[in-house]
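Just so it is clear, A, B and C label the chains in written order, and each chain counts residues from 1 on its own.
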Amino acid sequence: MKPIFDWNFAWEILPTLGQALIITVQATLIGMLVAVTLGLVLALMRRAPLWIVSAPAAFIVEFVRSTPLLVQMYFLFYVLPSTGLSMSPLTTGILALGVHYAAYCAEVYRAGLEGVPRGTLEAATALNLSRWRTAVGVLLPQAIPPVVPALGNYLVAMFKDTPLLSAITVVELLQQSKMIGSTTFRYTEPLTLVGALFLVLSLAAAWCVRRVEGRLKLYGGTR
Amino acid sequence: MDDLLALFPPLLEGLAVTLQITFGAAVLAVPLALAAGMARTSRLRAVRAVSTVYVEIFRGTSALVQLFWFYYVLPMFGLRLPALLVGIVVLAANAGAYGAEVVRGAIAAVPPGQREAAVALNLTASQTLRRIVLPQAFPAMLPPAGNLMIELLKNTALVSLITITDLTFRGQLLRSETLRTTEIFVVVLLLYFAVALLMTAGVRMLERRFRIR
Amino acid sequence: MSASIRLKQLRKQYGDLQVLRGIDLEIPAGQTVSVIGPSGSGKSTLLRLLMTLDRPSSGEILIDGESMWKDAQGREMGPNSPHVRRVRGKIGMVFQHFNLFPHKTALGNVIEAPIHVEGLSRAEAVQRGTEYLDMVGLGDKLDAYPAQLSGGQKQRVGIARALAMRPEIMLFDEVTSALDPELVGGILQILRDLAAKRTMTMLIVTHQMKFAERSSDRTLFFDQGNIVEDAESATLFSSPQEPRTQQFLQSVIEAE
């Protein structure tokens, strides 16, 4: 009768899982980079006075936020190649993560941008600052610090969504554990280890976000 | 055009399964969230600890990992459950954990003066919670709860990866059979979007009904 | 029916902060006592301790000779124990920020405790509630929600709600401080009428010096957690003995 949890086996597979973890972390960090950048673009587009710019941005944000990431991933994975764009599964997955979370980040930025006191923008106009300087020197420095904790939380959320990449053949943590399971018929150890890894890392990341939030409060940064 | 229409029946069958799972999990998640949310503020340390562990585990790990764990590992302990049940229960547990934080936050947001007034009138702790705190916390729970419902709807797509024939599963199946990839996934996305919009409208109606005048 | 209050070496501290430093006080049943002093002097904390909203760090509170927190055998009891609830039932409080239940009407606020604590039937509670709301001048606002009432009206509901439980001791925590000036007089008149009836022991924390001087039997001046002066109201205001009292009263006159 095999033991319920074989610690030796768990120890053996740890290095393999470690390699998959690197892929997971890569995907998270690059995906988040895409998300915060694209999200800012979308948020600024929504504030544009031109309806033809703001309406599509608003629709994209609503649509992407309300539909499953998995289906969006499938869409990019199966549809992109036919447009001539050939990317690795990992790249496709990172793109899907980035676009999906860009929609969430756009909402976060929206709250931050709306929280900037109108008076400071009027003062910038009175000082004859260019639109670019106003955005870079007055608007964004006030809009972004308060929302950093929320962005941090989305980083953690994206990390927890990386297992979806297994559905488009990327060998990240979940896929690796499934592969170990299907060859050794032992699923308990790999899946439990993966669960524990996610738990520990996301708790650690959440703790970091709280620390950053605390620091920002000290400087009067958050609302 | 005909073959496009032919896509609909199987997709709609999948949608029916998706809706089943969504509402089944939601029905389970609500009492779970209320119980865990209130337990987080209990005076008994053991009760607090249990609910905290539950909330932290289900919020701190990935929903898909949770689904796989329960689907593959439970049989190793001798528990063979139908995939549909595993899907509903795990998604309910996941949503319940996030819901618990919403409940806890809403209860904490009720002004302390309300509890003080209740003490001054000599209401018991239970009466205070039931008659004074919860009725005021409830309207505050609705908007975040609405968001969680949409998250739940999106999470149901994950059950396609543990062989449940939901909308996403059907979409994948049709794709491999007909290769009409773009059309299929656009329709699938639009169906999810439509359901999400209906849910948001429903929550907004509830918010209006329960607003404190 | 009114009750007496006795405080023995009552102390309250939060961490390193001493808010009440060894208060000894005796208030006979039926007396109306004003409590004045600068903010942070401990006046509100005193009321909170009397209302069982907080527990003393040390010292004793005796209501009609009975310990608030210790049962007959001298054991410390919890805030939800039958003993503490019985003592608490003799005390009522009106709050600075009203603390009305926003999801209930004015009448709903007033009948809540009579039904669920005293066990009155709904009909009996409504009759009693209507009486008290009439008494504070809100007979026509029974079905109004707090959001629809002015500050003065909200405070009247607060007073009616507390009175409806027929307490033997009533605590008033700066009940006019959150009101617009023109609404203050109405509330003070209600307090004056209550004091004149002499049916309860009343403890009134207030910044309304004229009210304290003319409408209460006795005034306590609090400063930095101690009772600095304790005298008959007329005497304390006309000839304060302690220099700190004199200082305080002087600065208050300048502000008016």
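By definition in this document, a contact is a pair of C-beta atoms (placed from the backbone, for glycine too) under 8 Å apart; a residue touches a chain by one contact, two chains touch by 3 or more.
Keep in mind that this is a model prediction, so the values were computed, not measured.
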Per-chain Cα centroid nearest the overall protein Cα centroid belongs to chain B
Of all chain pairs, the one with the highest number of C-beta contacts is A-B
When centres are defined as mean Cα positions, the distance from chain A to chain B in whole Å is 21
Between chain A and chain C, the Cα-mean centres are separated in Å by 54
CA centroids of chain B and chain C: separation to the nearest Å works out as 46
Listed in rising order, chain B residues that touch chain C in their complex are 111, 113-114, 116-117, 119-125, 127, 131-132, 135-136, 212-213
In their shared complex, chain B is touched by residues of chain C numbered 51-53, 79-80, 85, 88-89, 91-93, 95, 97-103, 112-113, 116-117, 145, 147-148, 161-162, 165
The residues of chain B that touch chain A in their complex are 56-57, 60-66, 68-69, 72-73, 76-77, 150, 153-158, 160-161, 168, 171-172, 175, 181-182, 185-186, 188-189, 192-193, 196-197
As the complex stands, chain A meets chain B at residues 4, 63, 65-72, 74-75, 78-79, 82, 160-164, 166-167, 174, 177-178, 181, 187-188, 191-192, 194-195, 198-199, 202-203, 206
